[in-house]
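Here come two complexes built around subunit A, the first alongside subunit B, the second alongside subunit C.
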Partner chain A sequence: MYSFKNFLDILTTPDNVPILLLIAMIVAYTWISFHKAFDNDKRLAQGRPVWEGEPHNQEKVHTWPHLLNIEFIVSIIAMAGLTLWSTFLNAPLEDPANNSVTPNPSKAPWYFLGLQEMLVYFDPWIAGVVLPGIIVVGLIAIPYIDTNPKGNGYYSWRDRRFAIGVFLFGWFLWMALIIEGTILRGPGWNFFMPGEYWDVHKQVALVNINFSELLNIDPKTFWLARELPAIIILGLYFTITPFLVAKFNKKFYEDLGLVRYGVTIMLLLLLVGLPVKMILRLTINLKYILVTPWFNI
Partner chain B sequence: MGSKLQDFLESQVYPSQIWQSVIRHGKPVNDRNRSLAVLGNVFLHLHPIRLPRYATKYTYTWGMGGLSFLLFLVETVTGILLMFYYHPTASLAYGDIKSLEFDVPFGMILRNMHRWGAHAMVLAVWFHMFRVFMTGSYKKPREFNWAIGVILLTITLFMSFTGYLLPWDQLAMWAITVGTNMARAVPLLGHEGPFSNLLGLKIDNDIRFALLGGTRVGGPTLIRFYVLHCIAVPFVMSFILSIHFWRIRKDGGISGPQSARLANLNKVTQVKAAEGKKKVEGIKVEAPKAE
Partner chain C sequence: MANEITQGIETPAIKFRRESDVDPKEISRRKVLGFLGWGAFWTTMAASLAGTGKFMFPAVTYEPSPIFKAGLPKDYTAGVSTRFLSGKQVWIINDGTIIYALIAICTHLGCTPDWLLNENKFKCNCHGSGYYMSGVNFEGPTPRAMERAAISVGADGEIVIDKSKKFIYEKGEWDKPDSSIKAV
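What follows is the complex of A and B.
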């Protein structure tokens, strides 16, 4: 059964307007930053100063009026925009809170839907606690592991390809999860294409299996023996990869030093691990890679 | 309305004791008075007196940091007004929101501005971080301020999350139920998290219980989230915001390609470090004579 009603409802829900704004802002500001970065790259290649470093732009001007003018105008525009938004769109208010009536789907606010979406692929202690913690710690760590002295205080792609590439990978992944969680998830947190009717009774075959079952190991085997292949694979992923990367990209390792390199590579492996697990779930229906009596990954 | 009237008023007002006691500088029409206008104002002096021209361009800063702060102020003002009409009690909260919508003059637009301002603030903070990353502005000497910014980002999200419960409707209750269910799974501290049995945690004594004030979202949760949203978190946030702003100035103002001033700043630190080293090594460094 197909109908665009559910899709349009989601798009026009007042609480989801920020999502439309978010999509527009991603496009606009990614374009601005790359437009300026490529412009600066061209200047650097020609041996000219970057736009921000041009004598005309380095010239000191008075805060009053040069900065305060633009701050004032931007504030006015922002307040006018917010006022219009608040005039024409009412904040939602549903039925009174009721513990015994559960809405389906029950969604967190849109900015947390990236986390809620990760719950599909990981147990709550990873998706809701460990990964957000690592994201925060990882963000704080950025200035201390990015030792590249170039690209400080101006837009540039050429000078910081690796840093910008990794950051944008994480940024777009996060945004994609939010947009997917908002627009494409319906009752039972099942996946619904735009135009697909939100069938509360949609049947989704529970065919997810663990890694050990994929290898046809008897589930009744003692867990340590059963999970040996998974332990080896995860162990190799987190120990051999760092060595291989350091061996084949010696400069990367030597520039960072042991501690910085260790932190960087672990954060990178975790960042890559997230979409890897998602792809494994979506392609070969992998449930858990590792199952222990205490936790599953 | 000629300039005659203006001249007359200015000649009467500017020299008066009242005006002079409030505004201590003349009209900001020359460099000296423009500098004094910024210096002599507690809010404007967040800014330096002068700054490089590129820093005033919207295409460089996107104005996102300033917009985040503007929205913080909007949230504070609308939030205070909303508090006049709201009881954080399970039996009254929902009715208060209804009366805001139907009885209180301008209540609906007040509530709308608070809610949409909060959503816009999340966006502004995210894109502020995006701009700071894309210009490499987190690099030396601004590493610590970037860390402060990340903390402020999480606080912004937490502010938005705690506020989500207050209308006490289905949307609020179940969004918070979904969100706080994650706390069940905190390793060691949540009753469903790994290793929680080591601390003997159950559903009624784990970290989620502390957050909710019960085993499920209810009246005690409402008052907890209300206090967090209106008092505790804004209190913490104001402190950290002050540090964030202060550090911008202390770290050399707006980021930019290594300027002469910044290079000088680094040199001063190096010289100081060298002096410190000399002292440690026992080399005499002449102390400034007491006057």
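What follows is the complex of A and C.
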């Protein structure tokens, strides 16, 4: 059942090679930026200028030839790399599309695998439209809600703990979903451990129930009455938490102001809510917390 | 006007030609450019007009009729028949007492689930939704049961399936007479 060869076969599928590069790049870039950030934090603690502010790093040079030379060489290397890649790894083309045959496993392109994984835990309207929309709008809103001038033009962890922490949480979450969708999801979108044989007939008990059923409420009850506990819990999550955070971290609230704080805390609660729902599904088989005739959460 | 920059440089006399000076048979630069310019303009106009006119003749591909014959009821022994899966995208299922036609579209996001005989269930490859043989969902993210198509026995004794009429479990429509026929 388990063998290293199974794992290697999945890793070296032409589809999955970008994911290997992705993992390497996540590690490399996180390490580089934190290495620089911690170095600067040490300098700031000692009262010295940051590395980017040292006189020898303040020297200005011309775009041509200093920058364009580098860009030219990088573009040649990239071109050579892509040529070799496309020569040795063939595009994974399949048969013409057929309505009645869905390949097993059916996987979206790697950059959509995070969305596909989200669709397991939420209904299509939430995971396919609402959450991606909020992610895009939230990313656009970052410059307007994060007006902390510190960290402009230099790496620093100490000056931007909240911003960097929240970003890394969301980013690692998204990357983890992509990596899971690529390497750990097999036929029937079942979960397979690394090295496990991708058995089409793997049996996993995925029987899951809604929150109202967990409370033994008759499913035939009018939906508003049936979902009342869920509405109260979700309502508390989105109203009490902002008040508590503002009360116990007054400085955070006062620095941002009412509107900016409201937007920030809502985006944060949604970001935290995503893995919370996933964990609830994986641990207590909770299907949906809230079931309405139009959408489910 | 001579200033310090143009001082000492002799300006050659430029002689502009009036239109009346031009021999009408001469192919002048102005004529060529005018021809090209207006030619490009009218070609664009004609092409967009033709493009608009094309909408008068829509490129419809006519789908096969949603109504089709599916053989005699006695052809279907107990179990799931995938005979009409490719082409018609329905399973014809005999559960021992009734025969019904289940439309093979997952109600989560529209993939075609697989019938897994050993596990006695339909399993969708895309996000892992699972259905009983009846079509009722029991696992994965799907919100509701798969839909059944209208099924009846024609005058010649053959099963007639009409995919354009759908029966939805959550609305209690699986009790309606056209949603199933008696198994033989």
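Structural remarks
The rule we apply is simple: the second predicted complex is superposed on the first by the 289 of 297 C-alpha atoms of A that agree within 3 Å, B and C clash if a C-alpha of one lies under 4 Å from a C-alpha of the other, contacts with A are read in each partner's own complex, and residues count from 1 in each chain.
Assume a contact is a pair of C-beta atoms (placed from the backbone, for glycine too) under 8 Å apart; a residue touches a chain by one contact, two chains touch by 3 or more.
Treat the numbers as computed from the prediction; the structure is a model and nothing was measured.
In the superposition on chain A, contact of A:249 is made with neither subunit B nor subunit C. By the touch criterion defined above, A:65 lies against subunit B but remains apart from subunit C after alignment on the C-alpha atoms of chain A. Legend: residue contacts after superposition of the two complexes on their common chain; A:12 is shown touching neither subunit B nor subunit C.
After overlaying the two complexes on the shared chain, residue contacts for A:221 are found with neither subunit B nor subunit C. In the superposition on chain A, contact is made by A:156 with subunit B only, not with subunit C.
By the touch criterion stated above, A:3 is placed in contact with neither subunit B nor subunit C. Look at A:103: by the touch rule set out above, it reaches both subunit B and subunit C.
Once the two complexes are overlaid on the shared chain, A:239 sits clear of subunit B and of subunit C alike. Comparing the two interfaces of subunit A, the one with subunit B and the one with subunit C have residues 98-99, 101-103, 106, 116, 123-124, 128 in common.
If you check the complex, the residues on subunit A that touch subunit B are 15, 17-18, 21-22, 25, 29, 32-33, 36-37, 49-54, 56-68, 70-71, 74-75, 78-79, 82-83, 85-87, 89-99, 101-103, 106-112, 115-116, 123-125, 127-130, 136, 139-140, 142-144, 146, 148-156, 159-160, 163-164, 167, 171, 294-295.
Subunit C meets subunit A in the complex at residues 85-87, 89, 104, 108-109, 111-114, 116, 118-119, 123-128, 130, 138-141, 143.
Taken in their complex, subunit A has these residues touching subunit C: 98-106, 116, 119-124, 128, 187-190, 200-201, 203, 205-208, 287, 296.
Interface of subunit B with subunit A (complex): residues 28, 31, 34-35, 37-38, 44, 47-60, 62-63, 66-67, 70-71, 74, 90, 94, 97-98, 101, 108-109, 111-117, 119-120, 122-123, 127, 129-131, 133-140, 142-143, 146-147, 150-151, 153-154, 157, 160-161, 164, 167-175, 177-179, 181-187, 190, 192-195, 216-218, 255-259.
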